[in-house]
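Once you've had a glance at the structure underneath, I'll fire off some questions.
The letters A, B and C name the chains in turn, as written, and every chain counts its residues from 1.
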């Protein structure tokens, strides 16, 4: 399955992935309209210090703790992609409690939110990878279990 | 010097605030620290005095909120004292120093390529469609025999001196590791390998990681002799003796100690942090005879298995110089025109020394033919080859191949801001700062170079096909394929071509 | 064809069926549940009262789960007797079901101390099942005064669920602080203040000594008038089915890391079990939904011949009250980091070179990174713990870790 992978050797810490993510998931067709004057809620997060930067988003684990732990059964797989049914989610954030990557966060309406590989928006394929200026974030197939 | 800023900044940063989403990518990406986020006012502010117009921020701004424009705050119009000239006086009056700049000569001197036009077949001779018919762009650089010879049994003698095989008549010219980044080198090395051409180490030595690209590497030996050792010479496909460079003929080079980090230091075989100074001349070469000694020393050192290139800047008596080199035992002469780029050069030298490559090439080719020694050497020309059309024109004027560097760094993202000497290249090319060099991912860089060469190769084949020529060898020195426009008699004579319409 | 029998239709039971089906597509699975509803997360019942979910959405694995996984379900039936030698279970219907592999997902039952006069209270409820919630929904009206005994998370979630439905909600607890099992004296006051600001009346360090109809006489001498009483003092694992059949039981059913009981062919999972708590280094009740699910799945895989382990169990909880999130995990040993503000609290506990527990109140971002440290028993000397204390991120784990975790499928 294709996943989003991050190679920190090439991450510039420019944070564009966060903005591209927030835009892709905004439902708007214009980035300015979508993001100007608002706090962004990206599903990918740039971490690091002044030397190292990298972005973290849902790993779509082979055996996701969040799916097992979700009290409402809102987290499920769609063709391998770990997705949250925000109608079912009650916002208890048990997924935030168990995700070892810190890749789930509360959304604006209280329901949990995470990367769904742009499966449910108009971007077509992950906007973070498509917009990464240095190909630090890639969306590709890698052998499972291979680093 | 205290007090007054004598001139208004050269560029203005125009930010369309209605588009700015405060993502701060401009701030994060500007090594010159032009942009700054003011949290109190929730806005980005710019100090245009620091801007070099490299347009990194413009390219990365996701909402196209930014542009950099030339300031319209000018001094009174003066055709003699233009703004740049006055600015330079101010600068020198403040600093007392030699002006430094980089990349190629930006002055509006004639570009002869643009005054040459290429022929095409019509009616009386057929053109060739490169999509349907084979088209050969491969070239071999090196000495060629003057005539066919046979042995006692009458078999053709085919033992040639070493040749450099290129899939197309284009190579990446010398840029040292030090002047450009590791990742820029990696991009060039990978692309040269993929395309079946060569890149050139410059005089910075060869990083240990790049030995595997050896068959597509030209290793340079220059006046500083940095990084030269046996394995280095053995690693390359050819060895280039650098006598001069088009951007700064007659002077040496200077890599500031700040750029000599651990890796550069190891590769150049000099102490970390020390200035790498290449002397103006090779101190062991004061004559063609001395040059001949070095050429043969290098051949001896590598078992006569590598062609030796001698690179010179195009200067006034280039034809005579080339004649000497062709007799020195060199296999290839590389001539670098006055528009050639550099990572740093004194501005006056860059802008006022040397001659155009087009004129140098045609006079050298003619001189070597006249003297019957054209086959002794191949000719490679550089110094602002900007497109496939320039390549075709150069070959028609007599070149065996071209060197490109500015076009290559443009492909890597260079925006020709001409401040390489600052070491703060925002595109990760002309810098050694780790946070900046990582901006050039060689995976992207090499792909862009491959794309560029692939496109040029296709265009070369189309231009050749139009002329009814299916082999680049048949174009070399074929000046009948060129006509001049707007050139005077002398220029036409030197170029060895007729005027358009003739 | 193997015959699987699962007793219990909550998360452990459903996960067990998933575990079996992950390895065995053929075997016959029968699931017996006492409830009329099954396959829903019990913690959802307060959200149901709050109107954040409804019965169709509460289905944990979807209404077609049993059908899709070819699970025969028997609703409203209880298992009365286990005969391990005969490998069969006698049901409340008198029927005997034989099995090759049995999984007991018996859950727990609410616990109530003997309150004097409790029998005089007409409207009294527990709050652990959907049926409890539905009954409460009926019993509570706009004017109702609700008294909840127990300020643990069941009691407080119930209080949150009922606040907008009832006239008033009072919560009392003998402990000095709210959620005393999860929070300490530093963190609890922030929650208490928040609950009070959101309209709950808390009576802490106080409990009922005697009920007289609609009046509760408190230990402090106060009296509380109420219409509806909810007992939310705690739960106890259901162990009798196994214990009576001779299986090993402590507080809960003793199941090893493969979730197998002392009786051959009998597995157990969920709130009825006692498992190794890796943060405490000893077995205990780890009765929270994520563990039930992990245990159930593990049991299912092993029942079908696999080799799954449940060996990273800890207590952990994520809960929110009126927008204030609280997370806690593991065992509170030595506090190694404390950060308290007016609206937030963060405490980390470590012992023996590993993180053993934490409390987060307010900012719960990326808490899973801490949880993972506890579960994996990551030696703190292998990470930059000083940096981690301040902010959970992957930076302190080092490049090799990140290359593996962010560069491959995990």
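Please note the rule applied: a contact is a pair of C-beta atoms (placed from the backbone, for glycine too) under 8 Å apart; a residue touches a chain by one contact, two chains touch by 3 or more.
Values in this document were obtained by computation on a predicted structure and should not be read as measured data.
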Chain closest to the middle, measuring from C-alpha centroids that were averaged per chain: A
Taking each chain's C-alpha mean as its centre, the one farthest from subunit B: C
Return the distance between the CA-based centres of subunit A and subunit C, expressed in whole Å. 28
Cα centroid separation between subunit A and subunit B, in whole Å? 43
Rounded to a whole Å, what is the gap between the Cα centroids of subunit B and subunit C? 70
Residues in subunit B with touches to at least two other chains are numbered none
In the complex formed with subunit C, which residues of subunit A make contact? 1, 3, 5-8, 47-49, 52, 54, 56, 59-62, 65, 68-73, 87-88, 90-102, 104-106, 110, 142-147
Could you pull out which subunit C residues touch subunit A in their complex? 15, 40-41, 43-44, 47, 52-53, 57-62, 289-290, 293-294, 297, 316-320, 323, 325, 327, 329, 364-369, 371-372, 376, 392-395, 399, 402-410
Spell out the residues on subunit B that touch subunit A in their complex, using ranges where they run on. 18-21, 23-25, 28-29, 59-60, 62-63, 434-435, 438-441, 443-444
Using the touch rule from the top, collect the residues of subunit A that touch subunit B in their complex. 9-10, 12-16, 18-20, 23, 31-32, 35-36, 51, 131, 133-136
